[in-house]
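Each of the next two complexes has chain A plus one more chain, namely chain B in the first and chain C in the second.
And then the complex of A and B:
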């Protein structure tokens, strides 16, 4: 196989996955009960009002037709209109991604900035008192789910310091610094359990690599301890780190969805929850498609990164 | 040395980011003449004639007005109509428009606007009514001179609920096409911005017809669906008013807050599917009524903030309320067991109690009811259903055994009590009683308020005697406010009237 066909093959798999996801979501939401028009109008609405809205929303059309119509729209780059908000799905998603992506990005930064140094420390003091203490703490950290961390963080930031305000996300265009500040607590809530996971990976890798022959050689050359660690050893640790980070990123997106609910941030997770409770099919479809796309794409990216970090891994020829 | 980079600097960096963030965020005190109210959901439509959700009405009450407007005591106040008169036969209503009223876009309100608005609701041009309340209106006519304009409604048959229904018939500018994106009304506040999932912002309308109102410059409805987050937002000062705070949480509030409470004109009901055994047996329904201890329910589920009910009507509407029914079935386990035995269930029975999972209050109530029913041998299993499912399967499909819900009250008894008439589309109780239907028909055609009240009281008694359901309580409307906020008025309907609200720490009043 040539290099090209492998890349093509991956792209085909990518598209196929997305199509299956969209089909699956569509089918699932046709099976579970719930009428969007009824939910939008509430219990006091009369059947005539509900019927009128159904007609207006196009819910009276047969299912396959609705699905084909939706797929056709997507192929033209249009995701349709939200039933609930009467606005284009794309606009709603862009607005909420302005919240979600920074949270995920910030969480990612925290994970890297905290996880790697902590991991190295734990590794360095492996089997010593300090190291054992650290690994107990990180063990605890891995056990804590991010939504619970979110509630703790919210109590800490909102009640003790009065620093963070739930639902008070400041739009970027108004004050980008304040916007950034309001995203730090949720990002930390997402990041901390992951930091613990990364710390454990890095420390294990550190301990293993420390015994490798190239390290002995490096010392033998007369290099200083720091140089051995940060240039030779760190480079070799990167492979497991990238793998774990790649797997985590999907999790970070999932994690921020739950944390958004806890912090009342108007992000894509909250949008999805609202969309589901209102049976807002176009919006649900748009968001799941996006989320699936991100996860599949990240897996692809991790593959590429492997090849960058380790020249031995090559595209199969 | 080539590389002096140490990963430990990264830790240091994180610390700096956090400290910087705290400084950036702190010390930002605003002294705007503005109030933030937390609401749980987005509006369904900004166009008042399309909107049906109570959550939309409570916000847009400040933007739109009808010919008449509800007062805090539930009576009707003249709004865009200065006066009105009704003919002897109850078939002609004449409204004299208040002169000098302006829309938010600066245009004066004319009789033509009123005619346009009412006919849009009635579906005169399209054949598709937007509101079910004006089917008895034959024609809308305009009359008078430009200085003293009149609108005349001619009815096919008398309609006792017409005046209160007119409070929901919002008057909009004729042929204005952008209502759903840029609402224009005549209310004390004008619409500024709606961001899905975030907020609805309103600002003071300087040309409002009521002298001196509104008192605030700005009102923001902050959308926070999560109740925990809403409470924290109140506690840390982002939000000034928290309507419908859970009664169990008010003890957590500090000295900076106060609460107001009132009956909210809501009927919390344990509905029993009357088309299904054993609930088709009156004795079984009466037994359940005897088995349930409403006082305990109010104490445990509502922390005492509730009023006991005996029929499908709240004492919030005192004029039409039949008193004494709340003691028709005093808590009595022996009596309940005896009735069950007579009905052929000496050992009790099993049943499913379906509860909408998004209403924590109904879920709490259900748990207590399960315990109370257990004492008479009825084993009820709770089934939590999502709201969308509840609406479709239980409310519309009437596929359930027992369920708990809250039926919201209106300014008029008609829409409240019509829910149990046999031909009503959403009569999910499956209650059918010819005498009950007759009483409602008579009351709907009766224009004398006193006589109507008598008919509606009889209807309530009938519901109670027939044990059409277990009418539990009217859980009180509780609102938490910052101590710096005054002028908040409670209504027997779902509205947030911001026109009289003001800040006490501004000193400008």
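And then the complex of A and C:
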């Protein structure tokens, strides 16, 4: 650890991971059994069609050259052309990311805003009956997949709260408020199971931390409970909370991909699933690389946040 | 010493036990034939004789859920086993020998874990096509870094102990030291991780099948059932509820079992 925990070391690891992710994303699509052009076009394609597509995909060039060409494009923000839509991959991705990223972002906000207060409350009553019951509920919450949570919410909206039906996504340009509103149910579906996880973490950390002397001192000074909880205690459990939230980012993004299907949102998950069924390899590669890249970047960010929140974890020189 | 059997362990083991029972019974008996379609009896609500109702083809949902246990456990068991075998071997190599071997393997794990959720599995499916076998391959690859990390850190810790040094001094081969002297110490934590990993595999398989990219029809799978049920959410809500509840109970069971095993096996507590 010590060797790699310098700022430079961490950034080298980050770049190395990004490079390997790009290599993996590229190589996986080269081990397709048979000729990729033939696979994409189907068995009854004419040889001329296959040859033309091979040329379009650059399959007539050697492998390293194709990789460099692809990565070079990615570095300039060009992910190649979609085979199905006959459009640049980048434009398609940007359009659908306008749906997926807000869902993931909203889900993250919900997790923090609900999970931390809930966790503190549960921790407070840890030894009482309410706490025990709550921990059973949170344990159950961790077992619920986000897409089924979405299905349950659809059902609840349709049967119980008839005033609002989650459904068609309104484009941002048309009515940004309506667009935001239509993203709240999917974001909640992604968030709720994770709220349970965060609640568990925060409550455990709370129970461990409240024995500490500084808490007694704070109470002894005559501070209000709210102040003790949210300024003194929260600061000290921030490190485990940031760790858990960091580990969750991948799950949030991965959950959003599947939840989009439940709510029929035109996001990156739907784009990816369609691309897979149409064997639109440039599009699949672009989306996969982008999403993995985001996760790698967020991990780096979490690592830097640690150092910000806890001066005890210093960068070694 | 008092062994600590927690409530988690009891509930977890009971739930897992129920599913194992359902798995075994499903090989010999289901109330109705799994793929038998009865067009006159579509969308029957739960009751008699169809315990959990019927689906859009008039098939018995309970029978299909029972049969779906086979798919879930088949995919779960094999992907955890393969993922564990790969993770333990690579983690042992990296942890025992250290140096560049370790650095390269750790970096490999980090790279695989960069793909969020089912994304890596989706990529595999995109290349090789959907299906049960490819789902298992994909989930094994997704699962191995977790097992690798546990094995690696365990090996790093234990290889410093004097009993390992003693074995090295009298010339025991590295392979034998790894298998006979170090690995047995890690079995408790690997068992906990396996139970947790099984729950993860159940969720991942259900997610992939829900997207239509995992287990293919007519093979019954809980995720696939949820996929088909969604079109009839308002007409037949039980069709969306039953497979979901079963999935959640199974995941809950393995998570609780994992928690309970940790309490039981952790020498620190």
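Everything below uses one rule, namely that the second predicted complex is superposed on the first by the 253 of 317 C-alpha atoms of A that agree within 3 Å, B and C clash if a C-alpha of one lies under 4 Å from a C-alpha of the other, contacts with A are read in each partner's own complex, and residues count from 1 in each chain.
FYI, contacts are C-beta pairs under 8 Å (C-beta built on N, C-alpha and C of every residue); 3 or more make two chains touch, one makes a residue touch a chain.
This one's a predicted model, so the numbers in the text were calculated from it and none came from an experiment.
When the two structures are aligned on the shared chain, A:296 is found in touch with chain C, with no touch to chain B.
Of the two partner chains, chain C is the only one that A:152 touches; chain B does not reach it.
When the two structures are aligned on the shared chain, A:180 is found in touch with chain B, with no touch to chain C. Residue by residue along chain A, chain B and chain C are tallied for touches, and B comes out ahead. In the superposed model, A:44 makes contact with chain B only, not with chain C.
In the superposed model, A:31 makes contact with chain C only, not with chain B.
In the superposed model, A:272 makes contact with chain C only, not with chain B. When the two structures are aligned on the shared chain, A:250 is found in touch with chain C, with no touch to chain B. When the shared chain is aligned, chain B comes close enough to touch A:113, but chain C does not.
Contact with neither chain B nor chain C is seen for A:208 once the two complexes are overlaid on the shared chain.
32-33, 151, 154, 158-159, 261-262, 277, 279 are the residues of chain A that lie in the contact sets of both chain B and chain C, per the superposition on chain A. Contact residues on chain C toward chain A in their complex (touch as defined above): 8, 107-108, 110-119, 122-128, 199, 203, 206-207, 210-213, 226, 230, 233-234, 237, 240-241, 244, 247-249, 251-252, 255-256, 259. Every residue of chain A that touches chain C in the complex is listed here, in rising order: 13, 16-17, 20-21, 24-25, 28-29, 31-33, 139-140, 142-145, 147-148, 151-152, 154-155, 158-159, 249-251, 253-255, 257-258, 261-262, 272-273, 275-277, 279, 281, 284, 288, 291-293, 295-296, 299.
Residue ranges on chain B touching chain A, taken from their complex, read 1-3, 5-8, 10-11, 13-14, 17-18, 21-22, 24-26, 28, 38, 42, 44-45, 52-55, 128-130, 132, 180, 195-198, 222-226, 228-230, 232-233, 235-239, 358, 386-389, 391-393, 395-396, 405, 407-408, 415, 425-426. Residues of chain A that touch chain B in their complex: 32-36, 38-49, 52, 84-87, 92, 95-96, 110, 112-114, 116-118, 120, 151, 154, 158-159, 161-169, 177-178, 180-182, 184, 224, 226-227, 230-231, 234, 261-264, 266, 270-271, 274, 277-279.
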